[in-house]
Each structure stands twice: as C-alpha cells, then as structure tokens.
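In the two assemblies presented below, subunit A is common to both, partnered first by subunit B and then by subunit C.
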Partner chain A sequence: MNVDGVIAIFRRVLEIEEINADSDFFELGGDSLLATRVLSGVARGSGVELTFDDFLLSPTPGALAKRIGAGE
Partner chain B sequence: MRVVVIGAGLAGLSAAARLTEAGAEVTVLEARDRVGGRTHGIEVAPGAWADAGAAYLGDRHTELTALMAALDLKATPTGMVGDSRFELGHGSETRHGRFPPLNAVALGELFDRLAEVTETVRTDAPWLTPDAATLDTTTAADWLEGLSPHPDAKLFFPLFLGEMMAADPAAVSVLHMAFYLRSGGGIRYLNAFEGGAQQDRVDGGAQQICARLAAGLDIRLRRPARAIDSGPDGVTITTDTETFHADSVIVAIPPVLADAIDIRPALAVPRSTTRTAPGCAVKAHLIYPAPLWRDHGLSGWSVNAHGPLLSTVDDSPDGGPGVLTGFVTGAEAHRYAALSPREQRATAIAQAMRLFPFLPEPDGFHVTDWLGETYSRGCYAALFGPGDWTRLGPALTTPHHRVYWAGTETSLEFFGLMEGAIRSGHRAAADILTDKQRTTS
Partner chain C sequence: MTVTTTVDTGDLVEALAGHRHTGGTAIIHNGHPIGHAELAERIDAIAATLGPDPGTVAVLTSRTPATVAALFGILTAGGAYCPIDPAYPPERQAAMLAAAGCRTILLTAQGQRAPDGPRAIDVTDTPTAPVTPAATGPDDPAYVLFTSGSTGAPKPVLTPRMAIAATTASLRDLFAITPADRVLQFASLSWDTCFEEILPTLTAGATLVFDDEAHTGSFPRLLRMIAARGITVADLPTAYWHELVHHLADHPAHTEDPLPPSLRLLIIGGEAANPARLTDWHALPTGGVRLLNTYGCTETTLITHAAELTTETGGPVPIGRALPHVVEHVTAEGELLIGGPALALGYPGLPEATTERFTTLPAGRFFRTGDRVERRPDGQLRHLGRLDAELKIRGIRVDPAEVEAHIGAHPDVAAVAVTGATAAGRTVLAAYVVPAARAARDGLPAAIRAHLHATVPGHLVPGRLTVVEELAHTASGKVDRAATHRRYEREARR
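Here is the complex of A and B:
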C-alpha cells in the first residue's frame, strides 16, 4: 500500500479531507479507537498487520506507508 | 392549567420547571423519599460526593450544560493522566494510554463493523431503518458471532457494550445497540473521555442538578403513582393515599415502571414488553486518603476481562479523598448483585489490590446496585430487546388521551443519558403547551 492508500484510510476514519503525507493522526484528533480502524484498513488493503505501537511510532501516512512497505 | 408530573428524575423535573415558567400549576409525584432518580450522590468524606448513578457529560450535551449554567453548577474534567492497567486473561499489564493490549487489527475490524451498522440507523425513527426487520430480531451477541470474530474481539465486545450501555450482548437487539450508539454521538464520541461523552463530571455530583431544579417546585415525595384515569374534563392520578386532578399528566419514569401504572383508557401499545431488559450496572466506590495511583504514574483507569470490576475510573473530587469507581456491568452485574455484602466488599477490594498493589485497605467502600432498585429497575437505561423497537418505537412519544411521555427512554437523542432525559422533559412540556394553545385558540 502506498502513501495515497494510507491517506485515503485516514480521511475515511477521521472524516477529515485535508490529509497529506505528513499529517499526524493523533494531532488531528485520532484516538486509540480510531487508530485500530486505520490498522484494520491497512490490513485489509495490504495484508500487513501492524500493532498499535507501530502506529504510535509512525503516526503519519508517509511513515506508516514505509512500515507497510517493509512488511509487504 | 394544572399538570401533574410523575417522577422527579431529570426528565420530570426539567418538564416541571419548563411548565412552571410557562405559568402552569405543577405538582410532581415521586415514589422515593428523594428526588434525582438515577442521579444520586453519596457523601464519601465530609463535603466530598461521589456519583452512585450518572456521572459524566461532554460538550455535545448542550441542554445539560445550559441547565447546569442556569443552576450555577460547574463541570470538572474527568482527568485521565497516566498509564492504564489491564487484566485481560494473561496476568496484569501496565500500558500507556487507554488502549488495551489486544490485537489492534481485530479490534479495528470490530469497530469498523460497529461503525457501519451504527451509520445505517435512522435515529429519527429507528423502526424505519433499512433492514430494521433483521436488525430488530437479531441479538447483538448473534450479530457478533455472525462476524466470525477474532478471539480478542470476542473478549472485548461485551466489555465495550457493558461500558457503553450496561448491556449483556445477548439481551439487546442489534437495532437497539446501533441506535443507542448513534443516538449518543457514535462509538468514538461515546467511548472518549477528553473530547467525548466522559469529558467532565458535575462538580459536587450530578444529583445537585435535580436538587436545585426541585427547590422551586411542588414535589410530593413517597407518592408512587398507581393509576391514571383520563376523562373528558381532566385526568385523575391516584397514589396509595390520595388523588390528584389535572388537565394533563407527564409520565417521566422508565418504561417497565410505566407499565406498572394502571392507565385508563388502556394503552393500545404498551411501554415495554417481556423482552425489554433492565440495563445492568452496579457501581462500587473505593475510598482512599488520596488518589494514590497518581503517585505511581497511573490514571486509575483499568479494563478487566474478569469481574467484579470490569473497569475502574478515578472519580476523585478536587482536593478531596481518592475515589476509585468500579463498574460492574452486563452479565457480571447479576452475579455480583447476588453476592453477600461481605463477599462484594472482599472481591472488589482484592481486585483493586491486584490492579494497584500499593493500595492499602480502603477507608470506605460503597456498593450501589441499580438492578435491585424498585423504582429504577436497571440502569443506565432500559434495554430494548428483540422486536421492541418495531413494536414500541412508533408510540414512544405519542400522547395517550391526557397522558404525555418523558424519561430518557423516550428520547431519540442521547437515549439513556442525562442529556436525553432533559430533552425528553422539554419535549413533553412543549407538547402540552402546544396542545393547550390549539384547544384554546
């Protein structure tokens, strides 16, 4: 999954349109419940299962896409 | 115009206050020897109060917030600073934040499905939701099974529904679950403390809202209403010892209790059915000299797979003692309510000491069993079981002769919450005033 795929998931889950590769999920009001919905979206789209801690360390679409790439 | 209001909870008192402002002569009949209903304070130390009933509110609870301001009551944040504790089957763990140490992808899948089903519900008329027939006949427990859930989702789902709506998934329809979650602002809002439905508490306890509302009203305590007779000239309300006459009556009590009143002419549609279940909540309060967990970097928040305390929250009043509130909900509430007071105390304290090993024996211990309250019959609110929304929903707010309906279970907005109770009271008062205008003009 590329950055655009992750951006699309952020948009859907946060219900915010203005998301770019550097948007920080938690600064945009994302909480742990919504974070799990990003991770399930990532798993469905790429087959990569990340943990909550992975997401805390990579809370932007850019950083998350890199982690997904490493797992694919 | 004379109006009798049955029930001195938030709904009845809000209605009574509105009608009084509009010039009506209002009498409130209350079964208990106190006002407040499902809001109730216990004094845990001199001048320090804990909420045995409703406690939390958020920004979207606009009527509640406005009422508090009008009554000169302040909100105090439910601070949640520090790490959380979890006992989810493999010993106890400390984690940063509120996220449980469970498979995040599995929980995400569960929340995705919950969000989907929640978004389909028509909150203005849940019984008209597309697919209502299926959603109303399936229990939340069967719905979960149908998703072939991951074991972690299976473990978490009853804890989540317990926390959100004090429900055993086997007792509620999917329609009720989805309606409740949407009516309260969605899963994310209902689940959140900061920025969500648990952001604040009422400083000094939620019962103060009722006490202050009641101050200016004619309230008769220890007067359970037994019968209501509507006739061409008015309505008569009978208690064990007296009768009251009025032009209209507002029934502002939970649906199962409304059905215990003998209403003549009889209702075409009852207020509840045999599937309508009580919400299952017992609150335990453990009182310490101070919020000692904070010294250990802990927030007091915990989530536990085994009871009695399925979750704990720091409800300490500012500058007062440490108050750790334990929630016993869903099926676990039935088990716990059946224990002797000594066993209730011993099991709750033992669990608190497992979660927070540095805690001493508490200075005080209080259990409030809402299942056993004759005049609540369950909490946080009634749970609509399979078929209930289809059968009861269309008549939920429809006046019957001179009888009007209020109570949080008649509110399509924030159903089950204090906000819903207040909105329902305001709606019933407005209905009476509108109908009155129509007949006099």
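Here is the complex of A and C:
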C-alpha cells in the first residue's frame, strides 16, 4: 500500500479532507479506537497486520506507508 | 414499583476461598497458568503485609495478575481497594489519593514509580504468609472509584462489600459462568468494568485470561488469540464492539467463520449501542454467539440491566430488564432510579452531591441515574438520553463542566464552553475557547492541550479545540453550549 492509499484511509476514518503525507493522525483527533479502523483498513488493503504501537511510532501516512512497505 | 429482589450477599473473599483446593486454574497470563491455590497464596501474602484494618488502599494498576491479587488481598485484610492509573498525571493521582484518604499504595509491576505521600509496597514479590481474613460487615467499604465531577476535582464513589457481592452473584447467573469457562481480561484495570470480568469468573472457579495480544489494536490478532486460548466469554466496550463489527463486515474473506468457535458469550456496555452495527452483526454468520447489552452506573455497581440482543429490534437498542438484585423505579419524567443492595454508600467528602443524587423514597434509598428511559411493550427499557449535560466519551462518563473548569484554569482563557460533537460516528469533546484580552490566539489550542495533558486523564482532553470570538448565551445570560457549538461547528471541522 502506497502513501496515497494510507491518506485515503486517514480521510475516511477522520472524516477530514485536508490530509497529506505528514498529517499526524493523533494530532487530528484520532484516538486508539479510531486507530483500529486504520489498522483494519491497512490489513485489508495490504495484508500487513500492524499494531497500535507501530502506529504510534509512525502516525503519519508517509511513515505508515514505509512501515507497511517493510512488512509487505 | 418492584420492591422484591433476590440477593446473595455472601462475601467475595469467602466465595473465592471455596476454590482454593480444587486444583483449578485461576488465571492464564500470556500462556502461563496460575492455579487457584497459587493465587490464594499471593492474596494471603498481600493481606498479611497490609495487616488488619488498612483503610482505603491505593493500587497503582497494571494489566497483570498482581493487580487481581492486590484487589483480593485488600478485601481479605478488610480494606477498600482504590485503583490509580499509572498513566495519569501526578497532579491527578495526588488529588485522587487525597480524596480517597489512602495511607498505603501497592505497586503491581516492576519499574512503577510511587506517588509522593502514602507508604508504597511492591506486591510483585511479597513473602508468603498465612492470614485469617478480617471480619467484615456488608456495609463496610469494598472500593473507591472516581467519576467526573463538575468542579474539576475527581469525585470519589464509595461502594460497600454487599453491593459488589450481590452484583457478582447476579452476574455469575446472567453470564452462566461455570468452572469450564475462560473469560478474557480486556477492560482497563483502573475502572470498574474489569470487575465484571474478574469477580464472576474467579468466584465461579473459572479461568481469567490475560494476554498482551488482546491489546495490540489489531482485530485479526485479537480473534486469533481468543481462538488459541479457547476463550468462551468476552466483555468489550460498546465502542470497541462497533469497530469489531465494522472490521468483520468489511472483511469478506473472514465472513465464512468470523468469530472464534470457542466464544459463546459477548457482553457489551458503556454507551448506547448503534442500531446500524447491530443490524450488521445479525447479518454476519456469528455462529450463535450470545450478545448481551448491559447498562449500569458506578454508583449502582457494574451492571443493573441487561438485554439479550437475539433478533433485529429496530430503533434504539434496548438496555433490557433489571437484574434480580436490582430495584428499579421510573419517575413520571422518565428518569431511571435504582435501589437495592447494589447502591454505593455515596460520594465521600461531598455530602451535598450525595444528597442530590441518592434520594430516599417510601420504598427505600434510590440513586438518580440522570438517564431518561422508556419501557417497551415487552417490558424492556430503552435509553433515550440524559437529563443533564453528562457525556460518554469512549464509554467513560464526562461532565462538560469538569473539562470547562480545567480549561478555564489556564491563564490565557477568558471563557470556555465544552460539549459533545459527533465525529466518525462517535462522540468527541469539542471545546470553544475565548482567549483572555492580551493572550495570543496562535498556539493557544496547543498550550491548552499541553496544560490538560499535564493535569487530567486523556478522556478529559477535547479532541477538538477551537478559538472563538465569543460564546453564545441564553436569554437569561447563561452560556449556551449547544448554540455555541452550532455557531462554530463548521470552523471546528477545519
């Protein structure tokens, strides 16, 4: 899954259009519960099962896409 | 009004002791079994270390069996348990310890740092010692928990041993727990919901399962762990269940067999269940897993009402019927009042708040829940909303006035209104802040967030913080939270 795929998931989950590769999920109102929706979307789109801790360390679409790439 | 209840007030310490020599497994912690006998020894060791009459004992919680041993150790010594979340800011912890009057704090994990003040005891490695359980009465305190208060100070709730014993007995029957059950430990150890998992399970001689795989945020990993450990019962916050249903409904590959075959009962509670998610749930091949919606308040001990969500109900999801130990009364205004043995003793140190919410009627003492309900033709209750401004944020009660008090304490804030907003189908806190005359608007939301993170738990930090020119007021001059929200909502959405 590339960075655009992750941006699309952020937009859908946060219901905010202005998301770019450096948008921080948790600064935009994301919490641990909404994070499960992102993790499910990532698992469905790429088959990579990330954890909440992975997401905390890579909270932007750019960083998360890199982590997904490493797992694919 | 019903006034008859079926009450079992046999003390929990006695109920647990009955399983000591059965050879059963009390806890499985990341695959490592702890027998009822070993757990009993750990409990005795903690009770012996505490000595008689320890008063209210704080516990710095952790997701470990040591926290469970600490809970029962305190009850065995005749004290009251008071959980403190180690992630809370020190200032909040200190306020909780002071409000509960704790002289002792137990540390349940390596590396925990004890707050200043009370005597700290590490219970991860307490020497074994025999102990005789303290003689206690049904009205003696069992635990102190905190709920949201309007002043900004944590509001303690004191619950007697009779309340937790009566509720536990009802829940064992409701969940139909047998020694063969394996019950998932999922809820935070710093709130009361975890007692729903711990107490009916251990007092029935069943097994409580702690597993780090339950908390990774990944549903596939959670479901695989449930299957691998043979878990039969899980109790999830309703908000988390909503996400699980989203996940299952969105994963066509998993819908052949979406839930682990071992699972027989799923309990949800904490906030109103979304009817759309229930429709999705019933469309899934859930393999006959029993789904139970539950309702209760801290002041009425865990769960007072439950509904079997067996079929599509349509409209608001019912909270069901009163459990056998509960006395229920619905006022003419539709407010649900709860009486019976499960009532808390009150809010210690807050006589006015106690008198306001705990009221005496001809049929006895009742707690005013503040929840508006309606009775369906089949006798089940439906929750219609609140009679006050209280909100549920991720299943935790929040009084907007408490958040306003904390934000208003920031020197750069002139006025503030806090309300609930809907985002991604959930309730989040939205704060509207008027800056003080000479305060800079830029950076104010970040400064307020930093101030809140240093003083209050995360659930009291608004997800949305918007700087505005002025708040809306009612005709009588009071701040109008709803009108302020309507005026600025578009701006708050960025």
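Simple rule for what comes next: the second predicted complex is superposed on the first by the 72 of 72 C-alpha atoms of A that agree within 3 Å, B and C clash if a C-alpha of one lies under 4 Å from a C-alpha of the other, contacts with A are read in each partner's own complex, and residues count from 1 in each chain.
FYI, contacts are C-beta pairs under 8 Å (C-beta built on N, C-alpha and C of every residue); 3 or more make two chains touch, one makes a residue touch a chain.
All figures in this text were calculated on a predicted structure; none of them were measured in a lab.
Contact with subunit C, but none with subunit B, is seen for A:Ile16 once the two complexes are overlaid on the shared chain. In the superposed model, A:Asp31 lies in contact with both subunit B and subunit C. Using the contact criterion defined above for the overlaid structures, shared-chain residue A:Leu39 touches subunit B and also reaches subunit C.
In the superposed model, A:Glu72 makes contact with neither subunit B nor subunit C. In the superposition on chain A, contact of A:Phe52 is made with both subunit B and subunit C.
Residues 29, 31-37, 39-40, 43, 49-52, 55 of subunit A lie at the contact with subunit B in one complex and at the contact with subunit C in the other. The residues of subunit B lying in touch with subunit A in their complex are 97-99, 104-109, 111-112, 115, 187-188, 191-192, 195. Contacts from subunit C toward subunit A in the complex involve residues 215-221, 239-240, 243, 246-247, 250-251, 394, 423-424, 426, 428, 463-464, 493-494. Residues of subunit A touching subunit C in their complex: 13-16, 18, 29, 31-37, 39-40, 43-44, 49-53, 55. Residues 29, 31-43, 49-52, 55 of subunit A are the ones that touch subunit B when the two sit in their complex.
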